[in-house]
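Multiple structures are listed underneath, in structure tokens.
Shared between the two complexes below is chain A, which has chain B as its partner in the first and chain C in the second.
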Partner chain A sequence: MATIHVDGKAYEVDGADNLLHACLSLGLDVPYFCWHPALGSVGACRQCAVKQYQDENDTRGRLVMSCMTPASDKTWISIDDEEAKAFRASVVEWLMINHPHDCPVCEEGGHCHLQDMTVMTGHNQRRYRFTKRTHQNQELGPFIAHEMNRCIACYRCVRYYNDYAGGTDLGVFGAHDNVYFGRVEDGVLESEFAGNLTEVCPTGVFTDKTHSERYTRKWDMQFAPSICHNCSAGCNISPGERYGEIRRVENRFNGDVNHYFLCDRGRFGYGFVNRKDRPRQPVMMLSGMKMGVDAALDQAAALLKGRTVIGIGSPRASLESNHALRELVGAENYYTGIAAQELANLQLICQVLETGPLPTPSMREIEAHDAVFVLGEDLTQTAARLALALRQAVKGKATEIAAAAKIPEWHQAAVQNVAQQARSPLFIASVSETRLDDVATQSVQAAPQDLARLGFAVAHAIDPSAPAVSGLEPEAAALAQRIADALLAGQRPLIVSGASLGSRDVIEAAANIAQALKNREKNASISLVVPEANSMGIAMLVADDQGDKSVDAALQALTSGRGDALLVLENDLYRRAPVAAVDAALAAAKIVIAADHQITETAKKAHLVLPVGSFAESDGTLVSQEGRAQRFFQVFDPSYYDSGNLVREGWRWLHALHATRQNQPVDWTQLDQVTEACAAAHPRLAGIRGAAPKADFRIRGMKLAREPHRYSGRTAMRANINVSEPRQPQDRDSAFAFSMEGYAGSAEDRQQIPFAWSPGWNSPQAWNKFQDEVGGHLRAGDPGVRLIEPTGERNTWFAVNPAFAPEKGQWQAVPLHHLFGSEETSARAAPIQARMPEPYVALNKAEADRLAVNEGARLTLSLDGQTLHLPLRILDDLPLGVIGLPVGLAGIPAVFADARVTDIQEAAQ
Partner chain B sequence: MFKYIGEVLHGTYTQLRSLVMVFSHAFRKRDTLQYPEEPVYLPPRYRGRIVLTRDPDGEERCVACNLCAVACPVGCISLQKAETEDGRWYPEFFRINFSRCIFCGLCEEACPTTAIQLTPDFEMGEFQRQDLVYEKEDLLISGPGKNPDYNFYRVAGMAIAGKPKGAAQAEAEPINVKGLLP
Partner chain C sequence: MSTLIQTDRFALSETERSAIEHEMHHYEDPRAASIEALKIVQKARGWVPDGAADAIGAILGIPASDVEGVATFYSQIFRQPVGRHIIRVCDSMTCFIGGHESILDAIGQQLGIAPGQTTADGRFTLIPVCCLGNCDKAPALMIDDDTFGDVRADGVAALLEAYP
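Let's turn to the complex of A and B:
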């Protein structure tokens, strides 16, 4: 700790910080541009000047850049000094010289850091009379718009894009006041994290193109604290709504999870919520007849009367909805809707995390590990935000070198210089090249079985009591030894694996490594990635249930006649099981009711479709891959603009149907009641009660506002429907109000923050005002509750699997994941569709040569008896004997991990 | 005694003076207008019915920046931004609920393009309150109104069709980033 004196007042601060960081953490307003809590200081913009004095007797002082000055003990500074104020005002005036007269047509306007800082420094009159510098813009793809005239040359974009996110295709060109931030030529920004540029850029150079399509100012949107549903990472998001449409998704700060950044799937994949073809009323699919809520419930109850209903839940639905379905159909007839093999892997992951030797780190903690082994997971495609965290983890080495040279961590350019690309060890073993390979010490590609054997060999090399792998190639054995040595040399080793390959062996190998590290008494962690937003929650929900809870068992129950009606919750069975099996089951079921927010292939074949809310129209709880239960809240009430819109939460429909069937009154009228029921029924999930404040939570007696207090048009927005304004929608389920009335400030500590705003701070930089220390954690604690803490019991060793030995004329299908396309709901958003690859089949170059086929050739192949026609993509590093298929794309079978492929031929043209 | 008589005389005089003053009004010019037969003079800056104006080239001036809506103290303006093929922003719809409007003029003050203007017209009475909800087609006029010469896009840095980068007022030619000159 250190004492600094600011304008004569003494404050206790962390002496390792710089003055800017310290002042902002104290809540003092110092304007800045180039500094960012996650990017450190470079001292480029000169905006954060303050006056520093030698000691208390010094009256002259000197101007220093607060971001480049350590907050050492007995520092005397003045923010309010006249000379410092004049200096800052002239800096912002100079930055504004070339700024175009654009704010009314700029997407950044209203949440612009440059606007905030200009107001803060008091610059309000243009004195410069000469011409302004202009720049041509670039076309940067479907996600990001580029308007270079607005640039103030703070260099944040390239520091984020290149240094933080590891991108290579954004650079800075030119000299002096001509500098240009862009690509060498027009083209899509390659990084999967490019969307964060829209928040990192302090002005409107990089803006959200998907938002601009249907643009609304920040002050005009209604927000709610939400959780991204597009993968299992559990990033916190802040979706904004206007006129009944989600208009954008912005990052919501959670100091334990995603802190300042999201991936592009999470940021731009919201379009499915706004699709015109969503079901918005209950509809009988055959006749197309639409119904009201009561009629639909009566109809559904009549259809299901006297029948045994099989309920299929979903890992993309909330725990509450799944629990309501389980209550409706009974535990014995409830199935998870997850394919058998995947469910088995999920249960194994659950077991490894719950009873295993090592804890699972939060995403923020991942950044603090210094030796990482990624086994069988292409993180950038399956849980992208984790890949970004790993990029920070390997920088730990640079910080260490800098610390030895007495360079503080925040001194970004100096740290980078002294470290000279030094990185902590990161080893990646995957089936094909990954987007993290550029920072890996070594990456290796092999078939899943061989990856698992490498993992087992690493475990044995760490702890000889782990089972040895016989018959390993010397090269692989040497690599295993190298990985083991690196993990043992680290202070905090981390092993990352997951279920994306569908291989049990890989997870078992990761568990063995974890056990081996534990036996060597390392302070290690294990992180296991699961496929979908609530996969972990569903696995915990059915952990104590008897029998097979997979989708295959559910379909079997229907075809065998054990059940004669089917109720599917937010699930497309055609993405879970072979087409023939689903068709047979749907044909066998007398009645099929689908409750979904999209018209999926399954919903098309249902008799009755119930419209349930997507993440934007419902509340619920998800469990992330870390085991963190997090609540997402309804963003808007869709019936406010369209009284015919009968979208309701999944649990509300299912519970009402349950009550109708039982001829009982509805018990659950509030989210808290169903959360409580779910927590009470499943001891493992008891913690979800505390995942967020209950509906009766108030701050100074007020609900929390979903809208900024500047929210406009309240008496005009639905005046075209009726000039008499209705009462604002009431929210029974949460502590949030569908209104600007309520608490929206930063003075009181709170975890659940719909949007970041504080007086004078309209941009995302307003998160400063909610944090215990800038860039640290929320003052009220980060949202979410961890449900899984390992008991540390000694696991038994898992046995080594046999090596991969493809038979002649056969290939093994392996799943290749795509950030854009492999996830069901985001793939229904237009901007994501623009980035999705065409379906393909991937082969190694040598294999393609042997078959005498070229890139792009149309191949026919037989996959477990099913014939596929796909164009060939040659992937040089794909192992021999395997064939890669992109997960989730059109025309690709639902389940194919481990499947045998035969008869590859070039199709006749 | 004399003082008393003086007060009585003075009292009588003031009474009579008041009577004369009151009755003299019977012969004065009338302030009451025989509205509607007689039209009302409104000064040009009178704040009445709101219109949306066009720029000197006849294009819509409104760029859907939302500043009028946020400035409106009664929240009676709502609109939605859209973009034309040539890059101009415009309101897809623009709605003013005149049954809520208090004609304060803050929207006009906030407007950066002088698109929204208040006019000297208050004759907006309707039998149905619903008819006081004006949409864009009811608001948009064909001329520029006040500030007849102002065209936002000639000042703004954003390029639109027909006005590339560097063609706005006080703008230099775009930088050639790949040029070798210092």
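Let's turn to the complex of A and C:
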């Protein structure tokens, strides 16, 4: 600790910080541009100047850049000093010389750091009256708009994009007063994390193009604390709504999870919420007849009367909705809606995490690991935000080198300069090249079985009591030894694996490495990626159930006649099981009811569709791959704009149907009751009660506002329907109000923050005001509850699997994941569709040559007896004997991991 | 949409390629050879076309945007075609006092070009430069690799004559 004196007042701060960091953490306002809590200091913009004095007797002082000055003990500074203030006012005036002052038509306006800082410095008179330098803008793809004239040349964009996120196609060109931030030529920004530029850029150079199409100022949008549903990482988001549409998704700071950054699927994949073709009233699919809530419930109850209802839940639906379905159909008739092989792997993952020796790190903690082995996951495609965390983990080496040279971690340019290319060890073993290989010490590609064997060999090399792998090739054995040595040399080794290859062996190998590291008493961690937002939650929900809870078992129950009606919750069965099996089950079921927010292929074949809310219209709890239970809250009430909109939470529909069937009154009128019932019924999920404050939570007696206090136009927004303004919708389910009335500030500690705003801070940098220290954690504690802490009771080894041995004329299908396209709901958003690859089949170059087929050739192949027609994509590093298929794209079978492929040939023209 | 981008394909000649590869091995980090690589291309072609960024980046193993960043930073790396001869007129303080404007005027009268322009016949390009290290002989200018001091407006025509 150090004592610093700011304008005559003494404060205790961390002496390892710089003055800007320390002052902001104390809540003192110092303007800044180039500094960012996640990017450190470079001292480029000169905006954060303060006056520093030798000691208490020094009255002259000198100007210093607070971001470049350590907050060492007995530092005397003044922020309010007249000379410092005048200097800062000049700096912002210079930065703004060429700025177009186009705030009224700029999409950054209202959440603009440049606006905030300009107001803070008091620069309110423009003196420059000459021609401004102008630029041509670039077309950067479907996500991000470019308006270079607004640039103040703070360099944050390239520092984030290149140095933080590992991008290679954004550069800075030119010199002196004519610098240009962009690509060498027009084209899509390639990084999967490009969307963060919209928040990192302090002004409107990079803005959200998807927001632009239905633009609304930040102060005119309604927000709620939400959780991204597009993968298992559990990033916290802040979706903004106006007129019943989601307008944008902004990052929501969670110091344990995503802190300042999201991936582009999470940020730009929300479009499915706004689709016109969503079901918004209950509808009888055959006749197209729409009906009201009560009529639909009566109809559903009548259809299901006297029948045995099979309920299929979903890993993309909340725990509450799945639990309500389970209550409705009974535990014996509830199925997870997950394919058998995947469910078995999920249960194995649960078991490894619950009873294994090592803890799962939070996403933030991943950044602090110094030796990493990624086994079988293409993280950038399957849980992208984790890949960004690993990009920070490998920088641990740079921080270490810098520390040895007495350079503080925040001194970003110096750290980078002294460390050059030095990185902490990261080994990646995957089926095909990954977008993280560029920072890997070594990456290797092999078939899933051989990846697992490499993993087993690493475990054995770490701890000889782990089973040895016989018959391993010498290079693989040497690599395993290198990986083992690197993990053992690290202070905090991490093993990352997961379910994306559908390979049990890979997960078991990762578990053995974890056990081996524990036996060698390493302070290690294990992180296992699961396929979907609530895969982990669903696996925990059925962990104590008897029998097969897979979708295959559910379909079997229908075809065998054990059940004669089907109720599907937020699930498209055609994405879970072979077409023939789904067709047979749907044909066997006398009644099919689908409750979903999209008209899926399954919903098209239902008799009745109940319109359930997406994440934007409902509340619930998800469990991330970390085992963190997090609550997402309803962003808006869709019936406010259209009383005919009967979208309700899944659990609300299902519970009401349950009550109607039993002719009983509805018990659950509030989310908390469902959460409580779910927690009570499943001891593993007991912790979800504490995932967020209950509906009766108040601050100073107030609910929490979903809308900023400047929210405008409320009295007029329904005037086309009725000039009388109705009462605002009431939210019984949460502590949030559908209103600007309620608590919206930063002075009181709180975890659940719909939107970041504090007086004078309208941009995402307002998160400063909610944190214990800037860039640290929320003062009220980061949201969410960890449900899994390992007991370490299982200490047996998993046995080594046999090597991959393809037979002649046969290939093994392996899943290739795509950030844009493999996830069901985001793939329904137009901007994501613009980035999705066309379906393909991938082969190694040597195999393609042997078959005498070229890139793009149309191939036919037989996969477990099913014939597929797909164009060829040649992947040089794909192992021999496997073919890769893109998960989730049109025409690709639902389940194919491990499937046998034969008869590959060029299709007749 | 930018219209400044040339779309015709660019390929390094074998000589350029081997010169860059040779230069690259003088440095621990190939990135350090960026400037030399650009100078090699400029020496061969008189200027550096857009496609060179990709080609040089591929040899050095760095992103094209990094090469382009270097190429656009330095005013002596030419990103547009220039004339056969480059006239650099110093406009730094000493030459400014010493009357560099009269030199620019004389060149302008002689060739009909202003700073930044190239003569229609492609013979000369005129650019300002901020010091030639020749302050004791202000005003100074440079034509290709030859430096001239104490230049007088009436002597400009004779100087230019030597560069056909």
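Everything that follows uses one rule, which is that the second predicted complex is superposed on the first by the 907 of 909 C-alpha atoms of A that agree within 3 Å, B and C clash if a C-alpha of one lies under 4 Å from a C-alpha of the other, contacts with A are read in each partner's own complex, and residues count from 1 in each chain.
Operating definition for what follows: a residue touches a chain if its C-beta (ideal position, glycine included) is under 8 Å from a C-beta of that chain, and two chains touch if they have at least 3 such contacts.
This structure is a prediction, so every number in the text was calculated from the model and none was measured.
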item	value
Chain B versus chain C as contact partner of A:607, first or second or both or neither	neither
First, second, both or neither for A:156, with chain B first and chain C second	neither
Contacts of A:212 with chain B and chain C, given as first, second, both or neither	first
Between chain B and chain C, more extensive residue contact with chain A	B
First (chain B), second (chain C), both or neither touched by A:136	both
First (chain B), second (chain C), both or neither touched by A:326	neither
A:113 touches, of chain B and chain C: first, second, both or neither?	neither
Partner chain(s) touched by A:168 [first = chain B, second = chain C, both, neither]	second
Overlap of chain C and chain B interfaces on chain A (superposed complexes)	136, 173-175, 180
List of chain C residues in touch with chain A within their complex	1-5, 29, 50, 53-54, 63-66, 68-69, 72-75
Touch list for chain B against partner chain A, complex	63-67, 69-70, 72, 74-81, 83, 89, 95-97, 99-100, 112-113, 129-130, 132-133, 135, 152, 155-159, 165-166, 168, 170-175, 177-178, 182
Contacting residues of chain A [partner chain B, same complex]	100-106, 109-110, 129-137, 147, 149-150, 173-176, 178, 180, 182, 212, 214-217, 219-220, 242-243, 710-717, 719-720, 722-724
Touching residues (chain side chain A, partner chain C) in the complex	136, 138-139, 168-175, 180, 183-186, 420-421
